[in-house]
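Pasting the structures here.
In what follows, chain A forms one complex with chain B and a second complex with chain C.
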Partner chain A sequence: MIAAPKPDLVTVNIDGREIAVPKGTNVIEAARLAGVDVPYYCYHPKLTVVGNCRMCLIEMGMPAVDPATKAPIMDPATGKQKINWIPRPQIGCATNAAPGLHIRTNTPQIKDCREGVMEFLLINHPLDCPICDQAGECKLQEQATGYGRGYSRFIEQKNVKPKRTQLGPRVTLDDERCILCSRCIRFCKEIVRDDVLGFIDRGSYSTLTCHPGRMLTNNYSLNTVDICPVGALTSTDFRFKMRVWFLKQTNSIDTESSVGANTVVWSREGIIYRITPRRNDMVNDTWVSDSARELYKPVRAADRLTAIKIGNVDSTLDAAVKAAADLLRANAGAIAVVGSGRSSVEEQFLTRKLAEVVKASIHFVSRVAAGDGILISSDRNPNTRGALVTGLISRFEHAGSAGVRPASAEKAGKMPALPGGVVTGALSELAARIDAGTIKAVVSINEDLVAADLTPAQLAKVAVIHVGTHANATSAAAKVVIPTTTVFEKNGTFVNQQFRIQKFYKAVPGPAGAVDDLIALERLGTALGAAAAATEVNALWTTLAAEVPALRTMTFANIPDTGLLLDATPWTGLHFIEGETLHYKPAAAAAAKA
Partner chain B sequence: MAIIPLERKPLTFVERTYVPNIMAGLKTTWKHFVRPKETMEYPEERPAIPPNYRGVPTLVKDPNGREKCVSCQLCEFVCPPKAIRITPGEIPPDAPNGHVERAPQAFDIDMLRCIYCGMCEEVCPEEAIFLQQQYSMTGYTREEMVNNKARLYELGGTLPDEHFKWDKKKAAEEHGNDRH
Partner chain C sequence: MNLKPETLRRIDEVIPHYPVKRSAVLPLLHLIQEDVGYIPPEATEWVAQKLELQPINVYEVVTFYPMFRQKPIGRRHIRVCRTLSCALMGGYKACETFEKEFDTHRGEVSPDGEVTIEFVECLASCGTAPVVMIDDALHEKVDPAKAKELSAQIKQQAGQRR
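Moving on to the complex of A and B:
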């Protein structure tokens, strides 16, 4: 790795404290580094600066120099260079750090300014915190407490505005609460390039609205709800469902594509209520797609597998493992294992161990659909590279790859409401071998083989062992079914398109009857003669670190929350299908640019 | 610690007859015969409950019959024994109180858990939950001891309102503050 050049550091003085910050850092970020809180609403680290909320007012000064000679003017009282303070306050978000910049955030003038801004923001604010979904994570609540006057002098009637405008299929606008910070407008314009939002009317009647004839339908619309500092934009799905202070936050990973956007799962008492993005400047910044937020819904779906079955009769894990082992022994030499790019690194490792002990041929289901150039790539498996890293597969083919091209970012405005059209497959080799009669038993690791190229007739020819979460054609045809857990119900890691290994944690317990994937795979492996392995992630990682070259010297606990970049050189020759996404450039494009 | 032996005085003749002690005892008995009664014939008779009494928590309606609870779940949050359980819900926009937007779908208080601390009443931003004068909760099953929403409103009834917060909001709307 070539070391990044050191950014130019400049020394600024914030509330009497000198701190060195990269040149061009704005005062809000510089103050954050110095441990000083500068309140703001409209500023967002990933969006352009507009400076329209006026909350981040600061006093600013520069060291005095003689205009003619440029010689420093000294203050005889202190013996230091005199500071020329600007008499009026400046906004912190649009003030960049320059050498010698002096900032004061704790003067009476600034206190007055903040109280004044808060009072104006609250004049027409409905103060309906008891019915507001933002309550508990509302900047207006926090900053009214921290910097507000504490009482209102406004005795007139407040403005009344529409309370439930549908801006799009997933976003509801409560206009009264809006403080016109324009974050949502800038997000749509700059990040999604789907410029649908804007303000109309003037003064206290200003209203956020969609462009006539259009709606906020893009697949990133719910990020506007996240960045809304108040409760104006609310998620139609989460609206009035649960107060945020009840919800437990668990770090997770978006499984819809190989981007691996970082997320937080919000749950209470074993029920997931919402999924929001988690900041990772190397992967997804502070965004995540709307479709990723829907991923919790199948967790409590009716088609969830919750009973261990042998030949459609309820059974126990011991019996099912024995039945599966007998089935595989009976068909020794004619076994195929279908691995999954949706399994975690740890599960793929145990899948490999299982396949090795029964000398099975390994197949891998690919999922391909057009990417959107932002946070959904064309490889819809979250852990294709994990299978390479763990040695489950050494090459892969993509289903229908000829027809799929990643959508360019310019076309993002024409994106479908929710991405679909996933082509699943790449099991043609397995199909051919079943037809030829050389495969008699198939172990499917959470994959629906019928959806992935095989015909029901082909499936009927083989004995199927299904280890998976949801009912499908494969589980219906299977001789042995072991229900397992979803990504929200277990710990593990995924390797994303940058070869960044990222952790996800168990947010909720699995349903009664479901077996942890690692336990199921380990029991199957040991029943067939494999060496016993740990079924707890931390313990399993000692084996992983010892046996997988790319994960050498790593432990599960040591992987940071923002992930760890693995050395990808062993796989540089492979052709990956992904186009460019937010923080990923395909190898070919990167090489062409270099 | 030294042990000090005390010598017990022998009883006199009068004391040995026990008559003075019996008389003293009977004096106490007769005193209570003539004293005014401290007890009452519960449950036919009921004590007068002071106005600030913390009885069974109830939900109340405002004088216009509006359900005051907006299911903000602060009482559920603050409740020390976790006796309160609320399922929030939405009021449809075309309902008479559509402008309030939120109301509880279900509101359960488990009286086997409730410790009558009154924190729910104190925390309520809508003044919708009150510990009133009902003090005797009985039941044959555990289910009977959980007050559901209908029962809570039946126990609570209507209390006077000082603010009419939501009516003021509707008045502002009707005044034309939503148009220009």
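Moving on to the complex of A and C:
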């Protein structure tokens, strides 16, 4: 039996099936809920509806009522209310669900419509799929197969248009492939508010372009490549590098700020080729910044740490752990642990365990820079909240927090090309203690202490144990160096600015010589007398759930792909630095509004 | 771009005629073309700023209409009709005569900078085909002889100006 629809739901009939959908849902989304495919190009769930591709044509009808009495007119043949079908097709994207709406998508008329639209779209399309980067993820290719007539009747000459316009530093445009859906124009205008794209010479030679002298330079330009339904907009970086069907997709999280945009990492044989956004309506919709897509590049950088070293001599993990333990025991009572907001929740938990067993003082490096009001917040640590949740820290100070103000949304046309000017620091307390001589040994968890405001002279006064991924001044000065893995080479979780815990997965294996962070931290801890812990994420989560109040009753496997909101009430008193971003309002602003 | 004070006055006068500023793009472009003779690139940006738009929004409009010129033309604009009636009655011949007289090709500025000759669509005087519009004046039944006569007039006026 079908349950009565909820008040905000309306019942529509799609291809003979009744389905209850939220009021105002357009026909494309309603059909999706009913499991019926309505093809489209220009429609995008996160952009305004323009209805210019005409691919989503459907037949629409409403139940007949007598115009005078408003009484339903019944069809004697079926005994049901008669349906008045509109003789002409309607576009699905701009048709909203209303009670009793009837939709047909499988009639001969609709088949004809789709074939006709496909035929016109393909008239000037170059059909160079064998050399096109979009092949394999091209809507035009898929829908030509699904809804096209299968052969061409076109014998005339195709239009010639610009083939490789550089729209901006990261986006290349092939105008011949463009089907003029205007998604990219709407994205730039509505989401980034940087209205530089437009169609010129409208008519047979309509051409997508920037205004002369302007470029598509904003930090979200590559989203236009993602939403381009054909191969017109391509990423200059990814272009001609790899066929998409060879790539393995792994869910990941953008680590450039506390927004925690959801991403997919595309890799093959241990090499990452690109990063694209993953839809999460509560965090990043379907977008991610260009800078987040570059984050995989340091994975194979020359300055990657790949050798375990004791005093600059190659060694083994066992020896390094023993040397580190000896160093720490020798300096007992004068130890500091510098934790990281770039470590995962699991690593921060083990860092806390390590600090507890050696009775170390815990310090935390903050990263602050102006946010962009969209998907980059002013807290450039992806997991500051994780450190609070795991109890690694209970409060924090921000580097130069007086000078750096959370940025509001940028004005139109003033988008920064790439984010920069990150201020790291907030180790002043540690610096003072080193100067006072009360700290003799420092364990740095993937943080460069020199970049975080310690002077090389202060660093020289202490014995440093560095656990990290890339070479820097701290690793150079360290007595013991344990190379570890980047976010793409391990499983784990981050807690974003909304206190949403989100999972990332291992996309590629770490380089030879690198040790998994959890193994490194667990070995250090047990060598100093901590209770043994699991070094595999799923197993470690039983301990996490038992010991961390906010994560009680959770398991790693049970966290959904779109994350899980944690109860943030224990931390409501803290002042977080983030300004407003997509799907996030700072607590103070939210309270002021309420 | 230096607009005449009169043009600026008319621009400010026309904007509030529309419910949204954006609607004034077309009249502004017309006024500028009337004043300057064409739409220079900086005019696009000037109009965008004036109407609180992005330059691309104005540029889209400029490129859509073939009658907005993006390059300067000669001092006199000769528009020869080539729609059906005029084409049948010798519009092409008239155009060729003008081209020969001023030693130029349609769409270009003549070497002396005096004229630009162009084909246009219907000038709405089919009964007196072929017709030609020189600046704002309509000339009817322009056979090659009359085209020569008109050319001579233009040249004479040009000579007087010098």
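Note that the second predicted complex is superposed on the first by the 585 of 594 C-alpha atoms of A that agree within 3 Å, B and C clash if a C-alpha of one lies under 4 Å from a C-alpha of the other, contacts with A are read in each partner's own complex, and residues count from 1 in each chain.
As a working rule, contacts are C-beta pairs under 8 Å (C-beta built on N, C-alpha and C of every residue); 3 or more make two chains touch, one makes a residue touch a chain.
Source: prediction; values computed, not measured.
Engineer: Clash or fit: chain B and chain C on chain A?
Structural biologist: fit
Engineer: More chain A residues touched by chain B or by chain C?
Structural biologist: B
Engineer: Touching A:32 in the superposition: chain B (first), chain C (second), both, neither?
Structural biologist: In the superposition, A:32 touches no partner, neither chain B nor chain C.
Engineer: Go through the superposed model and pick first if A:198 touches only chain B, second if only chain C, both, or neither.
Structural biologist: Second partner only, chain C.
Engineer: Who does A:46 touch here: chain B (first), chain C (second), both, or neither?
Structural biologist: neither
Engineer: Looking at the overlay, does A:245 come into contact with chain B only (first), chain C only (second), both, or neither?
Structural biologist: First partner only.
Engineer: For A:583 in the superposed arrangement: first (chain B), second (chain C), both or neither?
Structural biologist: neither
Engineer: May I ask you to decide whether A:211 touches chain B, chain C, both, or neither, giving the answer as first, second, both or neither?
Structural biologist: second
Engineer: Based on the superposed arrangement, let me know which partner A:164 touches: chain B (first), chain C (second), both, or neither?
Structural biologist: Only chain B; A:164 stays clear of chain C.
Engineer: Closest pair of CA atoms, one in chain B and one in chain C, after superposing: how far apart in Å?
Structural biologist: So the smallest C-alpha gap separating chain B from chain C comes to 11 Å.
Engineer: From the superposed pair, tell me which chain A residues show up as contacts to chain B and also as contacts to chain C.
Structural biologist: Touching chain B in the first complex and chain C in the second, residues 201 of chain A appear in both lists.
Engineer: Given the complex with chain A, which residues does chain C contribute to the contact?
Structural biologist: 41, 44, 54-57, 59-60, 63-64
Engineer: Quick one: in the complex, what on chain B touches chain A?
Structural biologist: Going by the criterion above, the answer is residues 70-74, 76-77, 88-90, 93, 99-102, 125-126, 168-169, 171-173, 175, 177-178, 180.
Engineer: How about chain A: which of its residues touch chain B in the complex?
Structural biologist: Per the stated touch rule, the residues are 126, 129-131, 135, 157-164, 201, 205, 239-243, 245-246.
Engineer: Going by the contact rule at the top, pick out the chain A residues touching chain C in the complex.
Structural biologist: 195-203, 210-212, 214, 412-413
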